[in-house]
Amino acid sequence: MQKNRRHVIKSIGAAAASAIGAPYLNLAHAQGASIPIGVALPMTGNAGAYGPDMAEAAKRTAAKINAAGGVLGRKLELFIEDSESSAAVAANLSQKFINVHKAQALVGYWGTPEGMSSRPIAIQNKTVLMVSSAANAITEGDTQGYVWRFQMKATDWGIVISRATIDKLGFKSVGVMGLQNAFVLPIMKVFEEKMKAAGRTVVDSLIYNPEQPSYRAEVERVFGKKPDAVFCFGLLPDFVSIMKEVYRGGFDSKVVALSIMADAEGKFVQAVGPQVAEGIRHFQPMPDLAAPGYKRFLQLMGAPADRVYLFPPNTHDQLAIAALAMEKAKSPVAADWHKEIIAVGNGPGPQVDDIAEALKLVKAGKPVNFQGAGSTCDFTPNGDQIGRGMGQWIIKGGKSVFVEYAKP
Amino acid sequence: MISFLILMSIVVCFSAILALALNFQWGQGGMVNFGLTGFYALGAYAAALLMLKAGANTFFAALGAMAVVGVVCGLVALITLRVTEEDYFAIVTLGVGEMLRLLALNEDWLTKGALGLAGIPRPFGDSIAPDQYQYFLLGLSLALLFGTYAFLRLVTRSPFGRLVRAVREDDVVAATLGKNVLWARVRIFAIGGAIIGLAGSMHSIYYQYIDPTQFTNIVIAYAFMAVIAGGRGAHLGTILGAGVVMVLLEGSRFLKDAIPRLDSDQLSAIRIIIIGVGLIALLIWKPKGFFQEYRLKA
Amino acid sequence: MLQTFFNGIVTGVIMTLPALSVTLLFGVLKFPNFAVGAMMTVAAYLAFALNAQLGWPLLAAAPAAAVLMGILCIGIDQVTFKPLRERGGITLMVASLGLGFILENVARFAYGNSARGFVMELARPFRFADVRMNHEQMITLSAGTAAMLILWFLLNKTPTGRAMRAVADNPALALARGIESPRVIRWTWFITGILLGLGGVLIGMDRALEPPMGSNYLISVFAAAILGGLGSPLGAFVGALLIGVVSELSTLVIPPNYRIGVPLVAIAIILVFRPQGLFGQPYIRK
Amino acid sequence: MSANVLSVTGLHAGYGAGDILKGIDVALPQGRIVTVIGPNGSGKSTFVKTLAGLLPARQGRIELEGAALNDLSPPRRVRAGLAYVPQEYNVFRNLTVLENLKIACEFMGRGRRMDDEVVSLFPELNAFHGKKAGNLSGGQRQMLAFACALTVRPKVLMLDEPSAGLSPLLMSELFDRVKKVNSLGVSVLMIEQNAVEALRISDTCIVLAGGRVRACAPAGEVLGMKELNSLYLGDTSLDEKAQRVDA
């Protein structure tokens, strides 16, 4: 019976196939000269602020690689699309990249929803997916080596933030407010564990929804308990409302947040004004600004030496690593080159932070340990990135002042 | 390109099924459903959870989802036992839909909250080669779409179908004719709900990953547009309407290349504005849509 | 506790204005306007344009935006609802849904998704009977109450207001009594616009300006209007306060992210036990 | 005989496909009371509704003192002096008595004050000024409706079954109230089921059936007719005769 049905279904599939045309070949070189790469970036929604710079970084990086003779003598061809910070859109894009453009590498994927929705598609089609999303779930389980995170894992954020809090900031009692969001919850969890372990009291911890009419009740509940500091993990819109509420509520607990909330390219201070923002500390995974790789990236972007890019360096590194791995595997097919990612990222080999040089070495068959712009590009076998750190800032007079850089 | 078209047509298929459901509830039964998104999400989650948590196969998961959404919709319809004014009912559905979305977002223990449910298995995913699979999925979707269409066509032509329209035209009359209007309304909404459940399960099977951000109000706008364009009550029209609207939606993405000055924020805004304008324009100038509802020839 | 109660009052007063507009419009045109949320958003951004971009003080920008919104509403009615007037409530309702999508995304098109704020001094609160209050809350309270009183005066003490209630009560008779309903409808939309304009500004002051800011209130606002009885201004006021206070107080017992459940349950209970609401007459669609 | 204040010629009107009024000619002489009687469904109400402008006239002419009303909106017709009291729902139930009167003055009478003659006609209303019209008794409600209609000092007052649902006692009181109104110089066009009562105060009786005028005679004569009894009981024999005449 079971067999029977399967047979029937199969024949339906076959019928559909013959009706629509021959099945395509899932091979890049069937596609000809250039090597297609799908780039899904957030131009819309809560991360809309970051998309454009990431796109620019991708273009310039690809240009540099192509100028250096391309990969396997072929040029990289980017297909940049807007993920709209939406899981469904990202999934459709991934399908399109793989099926229409025959892409073997999917890069960008800023948010966790985008990453999560594209993950099964990538694995099924044996295509490498490179994300900037933080949620642990992205790389959990069997990814068959096709999913790679170019970002600190959410739990590591919690570790860095809690350590800074315990060692430097010395808050005795804290409250925690978190947006109902995939990458926030693990941060909260680890943070609270660490705080309790260090004998600090967590007076209250609550989760709120996006797009609530007001956050009055939440603020009342947490700040009302008068902790030394309240740690707020969420996104820009909700944080704006919350801080206005806090200020007008006359609460005086210190506030600690993430840079995507409290800085967001200056949008936060614009929205609430400097006096409300005064004294807020914010953390964010960031490149090591001192690293030569980052300096080189600034040149590539033609940006001033003090410019802080949070995510574009990841996009740069994603393309670089992909290019190197392809070159090393002598094949543009993901099924071959995904095995080489750790080899080019972690070494062994001389540390090189210039993609052009690195390509030369690999073409010459020499080993290389690529040092990226966003991190040292070292990976764990299951695709998590290590060697990326977190920056800490404090808002003074409407400006974010850099405090320190720390790795987990 | 061809395979992209295939994937698009799969999306059109389950969008069309969703539109058919709305067409039955609102187009034929006159029961406005502004909670569509929520019920759709409920269907998707029910199916996904039945597969992931209860290990049911796709077939039973879909059935389960249909049952769940059907029952919930039926209960919602019961609220109207005192008032049959549609405006009240619309508000209730709006609220319930919102509540369902909040549940999906906040009940982490069940729905994994904002993280969403990943790795939703596909029917015969292992026994069909990946590069063949889309054809199978398309075939399946087309079959389900046709099945739904045939079923609704049958219902429409049945005595119950007449009762449904009677309830829409004037529930008082229907009542005085000795028909149990409340019970009829419950059944109308439940049947529609079951179909929404089907569409929802297809959504999860297609994306293999669902999270709350996938279920936004664009779904409602889209479905109403499809129904109105297709002509309230006309099944075939609704399907075509769904197809057209979907093509418009996806097509509008290419506006980006046409007008480079627009950022994608504005594009997605334009997309929805187009739908809204189209919706109102149709209501004003083509209230009957482009297709005729089935009428018993007297 | 007392603080939460006070916060509830503030929330309630904010909701009063849209609730009034819903109930007023329903009385005269017999359909629930699902575009209220988006209309408030648009009004808020109008005020933002005057305040942040043209540098007007908010105190001037707010009323200006309200009046603009009033005029805009008359225009909207002419192109959207007038042609559909004879098609019955459901059609109008669906049209208003579509209108809502349009307006919200016009705002999104113009200002994007990121949160913005009015240019105004945020002030620290002062204490009264050890309840923290602040200036915006005072403004909100006074503005809301003022709007309520003015509307009451308008409806009961002016010919136009009486005419509105007359049309709401019995359109056919209104004609026979020499009332030009088109004129009354224009007035109704104008007042609706003013109410939504102020409401939008108050919400913008209360939290941040972003496209969904208005529609976030939709369910609560309808709950308030239904609770008070669609068509009854007094009911809308009381309903809004009740919903506001209860949902804020509810956060003491249920997780705050389920606050939306309160208005929902309220609707359900009302519909089952007293469909006409607290102050409404059971109404016959004629 | 005195000039006609209201004259209707060849009036056609109706809902949907068919006409209900199939060419009606009626003349209302200045200062008279004309009562229209006829079986149910004969188009009586449709007739007044059309005159009031709530229903468009498909053919024919409606003149008030020689001026055509056809193109005027209902409110304008009222201001032109053609007042109309519907059969039911003829007061704003959610408004107080005073508000009902005020509205009438403000919109029908263009803000004119209510003149004492009219006020004096309805002394009982003064007692209820604060009361919601919805809570008035049937009789009081009719009086209020009259009063409102009269605020303009209309040339013609149209009453649609004023006595519907009133006890015989109230009925006769109502009719001599109509007579009083008439004595103020207001011509009255009245639809009635209770023909006998109505005709006692009327000058002319018009029998409407099948959308046509079947008879037009001095009220006195009609009171004598033997068919009358059967007629206002809703018997359509007269109507049928007429139909046969058509065929």
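Labels for the chains are A, B, C and D, by order of writing; each one numbers its residues from 1.
Heads up, the rule we're going with is that contacts are C-beta pairs under 8 Å (C-beta built on N, C-alpha and C of every residue); 3 or more make two chains touch, one makes a residue touch a chain.
The structure displayed is predicted, hence computed values, not measured ones.
Participant: Consider the two chain pairs C-D and A-C; indicate the one with the greater count of contacting C-beta pairs.
Facilitator: Pair with more contacting C-beta pairs, A-C versus C-D: A-C.
Participant: In whole angstrom, how far does the Cα centroid of subunit A sit from the Cα centroid of subunit C?
Facilitator: Inter-chain centre distance comes to 41 Å.
Participant: With centres defined as the mean C-alpha position, give me the subunit C-subunit D separation in Å.
Facilitator: Inter-chain centre distance comes to 43 Å.
Participant: As a quick test, compute the distance in whole Å between the mean CA positions of subunit B and subunit D.
Facilitator: 54
Participant: Could you put a whole-Å number on the gap between the CA centroids of subunit B and subunit C?
Facilitator: Those two chain centres are 30 Å apart.
Participant: Quick check: what residues of subunit A touch more than one other chain, meaning two or more?
Facilitator: In subunit A, the residues touching two or more other chains are 44-45, 48, 180, 207, 209.
Participant: Pull out every residue in subunit B that's touching 2 or more other chains.
Facilitator: Touching at least two other chains: 102, 105-106, 263, 265, 268.
Participant: Give the residues of subunit C that touch two or more other chains, as numbers and ranges in rising order.
Facilitator: 112-113, 255, 257
Participant: Can you name every chain pair that touches?
Facilitator: A-B, A-C, B-C, C-D
Participant: Would you tell me which residues of subunit C are touching subunit A in their complex?
Facilitator: Its residues touching subunit A are 3-4, 7, 10-11, 112-117, 122-125, 132, 134, 136-137, 203, 206-208, 210, 212, 216-217, 220, 248, 251, 255-257, 259.
Participant: In their complex, what parts of subunit A are in touch with subunit C?
Facilitator: My answer: residues 44-46, 48-49, 180, 206-209, 211-218, 220-221, 224, 236-237, 240-241, 244-245, 247-250, 264, 267, 270-273, 275-276.
Participant: So in the complex, which bits of subunit C are touching subunit D?
Facilitator: Those residues of subunit C that touch subunit D are 159, 162-163, 165-166, 168-170, 172-180, 281.
Participant: Which residues of subunit A touch subunit B once you look at their complex with the stated criterion?
Facilitator: 6, 9-10, 12-17, 20-21, 23-26, 43-45, 48, 51-52, 82, 84-88, 91-92, 95-96, 99-100, 112-113, 116-117, 119-121, 124-125, 135, 137, 141, 180-182, 185, 207, 209
Participant: Please output the residues of subunit D touching subunit C within their complex, sorted ascending.
Facilitator: Result: residues 52-54, 73-75, 78-79, 84-86, 89-95, 99, 102-104, 106-108, 111, 148, 152 of subunit D touch subunit C.
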